[in-house]
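Chain nomenclature is as follows: A, B, C and D, assigned in order of appearance, with residue numbering initiated at 1 for each chain independently.
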Amino acid sequence: MTGNFIKNITPQLIKWRRSFHCEPELGFMEYVTTYKLGKELQKLGFNLNVGKQALDDESRLGLPNEADLKIQEEKAELKGVEKAWLDKMRGGFTGLVATWDTGREGDHVAFRFDIDALPINEIADGEHFPSLNHFASNEKNVMHACGHDGHMTIGLGVAAYIAAHQDSLKGRFTLLFQPAEEGGRGAKAMTEKGWLDDVDYFYAGHIGIQSLPVGTVAAAIQGFLASTKLNAYFSGVASHAGMHPELGRNALLAATTAANNLYAIPRNSDGITRINVGKIVAGSGRNIIPEKGYIEVETRGETQKINQYMLDEASRIIHASANMHNVTCRIDQVGVTEEIACDTALIPKIENWCSNSELVNEIIPIAQVSGSEDASFMMNRVQQKGGKATYMLFGTELNYPHHHPAFDFQEEVLPVALETYVNILKGGSPDCKKHG
Amino acid sequence: MTGNFIKNITPQLIKWRRSFHCEPELGFMEYVTTYKLGKELQKLGFNLNVGKQALDDESRLGLPNEADLKIQEEKAELKGVEKAWLDKMRGGFTGLVATWDTGREGDHVAFRFDIDALPINEIADGEHFPSLNHFASNEKNVMHACGHDGHMTIGLGVAAYIAAHQDSLKGRFTLLFQPAEEGGRGAKAMTEKGWLDDVDYFYAGHIGIQSLPVGTVAAAIQGFLASTKLNAYFSGVASHAGMHPELGRNALLAATTAANNLYAIPRNSDGITRINVGKIVAGSGRNIIPEKGYIEVETRGETQKINQYMLDEASRIIHASANMHNVTCRIDQVGVTEEIACDTALIPKIENWCSNSELVNEIIPIAQVSGSEDASFMMNRVQQKGGKATYMLFGTELNYPHHHPAFDFQEEVLPVALETYVNILKGGSPDCKKHG
Amino acid sequence: MTGNFIKNITPQLIKWRRSFHCEPELGFMEYVTTYKLGKELQKLGFNLNVGKQALDDESRLGLPNEADLKIQEEKAELKGVEKAWLDKMRGGFTGLVATWDTGREGDHVAFRFDIDALPINEIADGEHFPSLNHFASNEKNVMHACGHDGHMTIGLGVAAYIAAHQDSLKGRFTLLFQPAEEGGRGAKAMTEKGWLDDVDYFYAGHIGIQSLPVGTVAAAIQGFLASTKLNAYFSGVASHAGMHPELGRNALLAATTAANNLYAIPRNSDGITRINVGKIVAGSGRNIIPEKGYIEVETRGETQKINQYMLDEASRIIHASANMHNVTCRIDQVGVTEEIACDTALIPKIENWCSNSELVNEIIPIAQVSGSEDASFMMNRVQQKGGKATYMLFGTELNYPHHHPAFDFQEEVLPVALETYVNILKGGSPDCKKHG
Amino acid sequence: MTGNFIKNITPQLIKWRRSFHCEPELGFMEYVTTYKLGKELQKLGFNLNVGKQALDDESRLGLPNEADLKIQEEKAELKGVEKAWLDKMRGGFTGLVATWDTGREGDHVAFRFDIDALPINEIADGEHFPSLNHFASNEKNVMHACGHDGHMTIGLGVAAYIAAHQDSLKGRFTLLFQPAEEGGRGAKAMTEKGWLDDVDYFYAGHIGIQSLPVGTVAAAIQGFLASTKLNAYFSGVASHAGMHPELGRNALLAATTAANNLYAIPRNSDGITRINVGKIVAGSGRNIIPEKGYIEVETRGETQKINQYMLDEASRIIHASANMHNVTCRIDQVGVTEEIACDTALIPKIENWCSNSELVNEIIPIAQVSGSEDASFMMNRVQQKGGKATYMLFGTELNYPHHHPAFDFQEEVLPVALETYVNILKGGSPDCKKHG
């Protein structure tokens, strides 16, 4: 029966996925994406929470500047987002929380789906599957290069299942369509709004990460890194580069010196570390000693303690670089992710619920991963309040890694992931399973 | 008589200057500026050469990209630039050449005035003269911070003098309102179009440079540096900075490594050198190993040979930086200036012509300067063809150096400079001087 | 019975250890150390192999230069090393292989003890145990800061046990007192000489590494890193730094550029990496553009593949740094260590043999370590030939890490380690155990 | 007459020069050199001031360390320097001041000759003149690569002239054979001892500098740079590079970061600047995070003010580099030179005195130079006290620049320089000229 639902909805899953893929939007600017999700969820009968109902204003990290938000909002208007919707979202209040109360006693189960894209220019190569099938990104320098287009699609599939099987389910369901996962910026705002406070079971997941075959699912992961996102602003003094180089204070050199030295933070024998300077912009014109410099930095550590080591080193290095070139600097912390510890009690349950699955061939109990995830905020909140949480992987072969301009996943993973979640929904509502 | 002309036109000079100052435009995007100049010169009766009539297409260096040109053209249209004018200038064919033929035998005398602004954000300080008098730049990050607003104004003054005294002058006059001086990009295109080929006397000049009192004028300069402008483009491979840092090829680090090492090119005992990395942009997002990097570089040398040394060093360093981080790079040469050797034979003439001047108190024979000037192309062409050329300075006290966000000059320099040129015009047409 | 042997020899162990500690010698220069070991082993009746009998000439890596060897040899002569001994060792043929054949059929069991010290200046602090007890290093800038003084001591203890119990043991024993473990330089030469080719059981071990309590012993380890040791020589052109800086080619800057960029090799998601530039020497005089530069580099990786990644990156960076400053460079590979995979079949045996131990309180099956070990060459050779090998740890609390100027270990670990090996000797000769 | 004296002494000049050349000694370690000079001057009848009679103890800059001094003193003893001489010089009191009082009223005329060599390894090429003629340096890594061997020789020639013509000269003569000119370390100590306080005329000079033909002499120079010599010591924490890289504080990286950034001090539009890191030594062993780092730095500026700019920048950069890598640092100032302003009044005198010279073909009034000279201390002292001073050049063609391993000069310059000084001596004692 699950099989029929999955089989029937699969063409729709692919349509949704491709629609999301070709209209990617960056974090806190997912106006069109949120609107599209909202309209589908509205049709299905979900209760929707949008804008300040979904997100705690103060807890959004790394918000884009007003000008960029405005441009994106105007674009969204041109693309047909209704004014009432747009007004709620203005100023970067994107994403939404869809809830369903069966009215029957039972667990409160929450799922999280992230919806943002990345500032990457999708490859124009004819061999690239989205190009071949005409759904490559329409936006220059914006791309769903991490699979969030798939995540949202799975989310709509879960919603469709709940709506279609509302009579046989019990308890409450919360679907969190979270903005700005990239950079660890959005989850905190949904968490602080309180959506996770009384959740009994929480599930988040990711397509890919490891290059596993379609049909393989990991019930839990370990290895996500704690991380911190920093912006550093350097401020010097401009001068004519030919006439008075000695009167300038070179903010570009401060920024480049910081970049070069940040990568040289010593490896840490206590565990994995990462450092990245993802962006640099400095200087205004060729013949002017650069007055301003800006870098975007990300530290990661296997534990919060190791990440703190990286953060301390990075802060000292950035300040020393400013001092090296006699300029001032300011560091803003614009994103954070925490460690994740999946509840291992969920693993045998998931193995059990999926044991008769048609599409899920193999359950890996715990997969080793790296990278960082701000679902950590949600999971840690659920666990602090006494609930259980896990983070799952859905296998797909990857020809290119995540965040690569040629990234793509096998669309066959979509029904596999949906079936997994449907199995969880059915398994987690045992009394009603016969109607499933 | 000269006195009266100068005195009467001075209020107009100030009006022109302030109008140019508050509407600054960057090189090859001086659409509004050119239009404003053109309308004035048209009124005065000059023969105008605009667009491809003024500039050799192939010789324009460091042209902005099409998208930026387009935005600026749309802006110009909104600001009222007539379509016929705009059509001629589209694609970065800004600036104009205004000519006047007295019909009487005599020398061909050319003057050059540069018209572009700089990518600097004018200071918002209340003490700043343009702010106090409400003519500070209306454009964010664009500013006349080198005095070209004054240069154009002087040019219109010279034009007004020629028109008003057309009956008493002889020979031919060419006024070159040159785009894109900053970065050494525009002069070559006017030179290659042939405007300088039969010029007998050529005059260019600059407000300020040295902080001399108003009333002091240098008849010639020495010390302008030969220079080359380079753009370097680094191209690596993006990767997820947390999951697979080792799969990336970091173009940002290549660019920052280049920046840091370029400044360390050894000093040269043969003469003055300069190096500047005026701009860097690299990377797309915080958690992505940066795929692209870009720097704007400028080398200078006291002679073309020394500049060649700097250029050779810079090229090797940029390529080694790319290699250091296993990325590829391309270097584009987008601007050049040459050495300048003023004709010293002109110095006593200028001293003589200005000896009874009301506003010019002192003539310095040769002033020592640094910086670079693409008027060098024009001067070298004139001299190659047998004409004589000089580059003059018009004194003004400067509270801040050129290219500083608080740069300003004393407006009293405008009539001084105009009187100097008028003296030259009168002096250079001796037979008609009685009508002057 | 073991107990009595251990108890009786313990004061001698401490004497040996302190004697080695105060006369430390660097790798391939352990002339006095080898002589002292040899005289003791001779007294015990071992068959000794010294000089070219112990080491394959061609396989010694990172040999000191002739001048330094010579100075050390003269010093050894002054310290009383007999000429016959010294002559065998001249030119860096230090260390020795001591063998014992019981004449009875049985396994060939080998133990390896490393004997070299480090170029570290032992702390002069009064709290430091060797200072308090007057056996701190007599050599400036040379120190047993890794515990090899203890390792040799244990080796002599094992030898004493074999000699004392020769009638009850069977098979053959080979004790490898290896030079130049630091830097991965000496093991290969003993391995290539064939000493490991017919070994059935091989044991190596280390004091400390982890800060475990005395009495705790690890039967095996995992985590030693594959590593490569490189020396890079940069060669430029000297010039007067004031008069002609531009004529120099700066080898110092090439070396420092390499150092700074080597630390920035991207982390690798496949496993642990390390990079170190342990030494730099460049330039000759303050006012001379440096002509020569030299760096000592070490790469490590969790696997040989990851170390190869580090090595490839390091080589490219070093060459690019040379190119950046227009100098030439040569890279010499002067040391290598391999991964280690202990034979887990030995773990339960060791646990069993030590089960009634008086001093060994706890056996940890597999301890997690980092660092690198050239015993890897010996172990891999033994395993390739069908023997079994393990690498053990002997717990001691450490107030300071290995290679720290204040490093020290608890001398109580010496009898623990000796008892462990004695248990292994007795356990590995089961038929004779009753006589043990 | 002059001609005969010069002609006769020329073979001796060449002998002296070659003797000095093959036994070069570094600054403040010129034990053998001083002894050789002293013995010659003694024979000539000069009054000698050696050791603390010649040098102010406290004012010696950049003294070598005690161990190096001791080694050199032992070497000097082995080479036959008499004990009485050596005892006076011990501890780096090298160089000497030779005086002659004619007993007749007249000017006090002083000449300065510098005597130290450089830490450069003389080229072993067969084409190299000193190699061909078997007087190349016997000392590895020490070389007279700046011509001071010639300067001393000229000094002995001047002494010989004074002795030979004592009856015809009047006034007093002081010959300063100064140690440690390289690095600006020795002149201050002679100056502070008071030797220059009542000097009427002071002459110093240099062979080469510019590649002028033999026979050409510059009566004065301009362009010597003010300079400062710094040593920076970085102190971090050692750690095992494989096991605990994060516990180290890397003094090597601090030193290399400083080196790389020092070269990037902005050019100064007020005048010439120089920066050099002439030496770096850091780290102890390959697998140890480096605990110590050391660099030798030299700043120069066209004026003392510009040099102060360089010094301020350098100091800030060195401290920021330490801070970048979390280590401490100490900066010692170990040498200084000042600007030089030759008394132009001496130029026509020198031109006049040399007008009938046989060997001096041409006098250049003022030659443009770069580099730095601590004779500046002496000259500035003379001028402050009312005397007159100049710094001269003696032309020789140079195939390689000063401080190059293949540097050499034409020995024909020696009699030219001597004749110039003899002319000055004769010219400066006009009344006695007839006896000359």
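Basically, a contact is a pair of C-beta atoms (placed from the backbone, for glycine too) under 8 Å apart; a residue touches a chain by one contact, two chains touch by 3 or more.
Remember, predicted model here, so these are calculated numbers, not experimental data.
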Query - Shared chain contacts [subunit A and subunit D, defined touch] - result: B, C
Requested in this report: Could you pull out the chain whose C-alpha mean position is farthest off from that of subunit D?
Outcome: A
Report summary line: Chain-centre distance (mean CA atoms) for subunit B and subunit D, in whole Å, is 48
Requested in this report: Mark out which residues of subunit D touch at least two other chains, giving numbers and ranges.
Outcome: 243-245, 253, 257, 260-261, 263-264, 266-267, 269, 274, 289, 370
Report summary line: subunit B contacts subunit D in the complex at 260-261, 263-264, 266-267, 269, 272-275, 370
Report summary line: The subunit A residues in contact with subunit B across the complex are 118-121, 141, 146, 182-183, 209, 225, 227, 229, 237-245, 247, 252-253, 255-257, 259-260, 263, 274, 276-291, 296-298, 300, 335, 369-372, 401-405
Requested in this report: Would you pull the subunit A residues touching subunit D in the complex into a rising list?
Outcome: 243-246, 248, 250, 253, 257, 261, 264, 266-270, 289, 309, 313, 316-317, 319-321, 323-324, 326
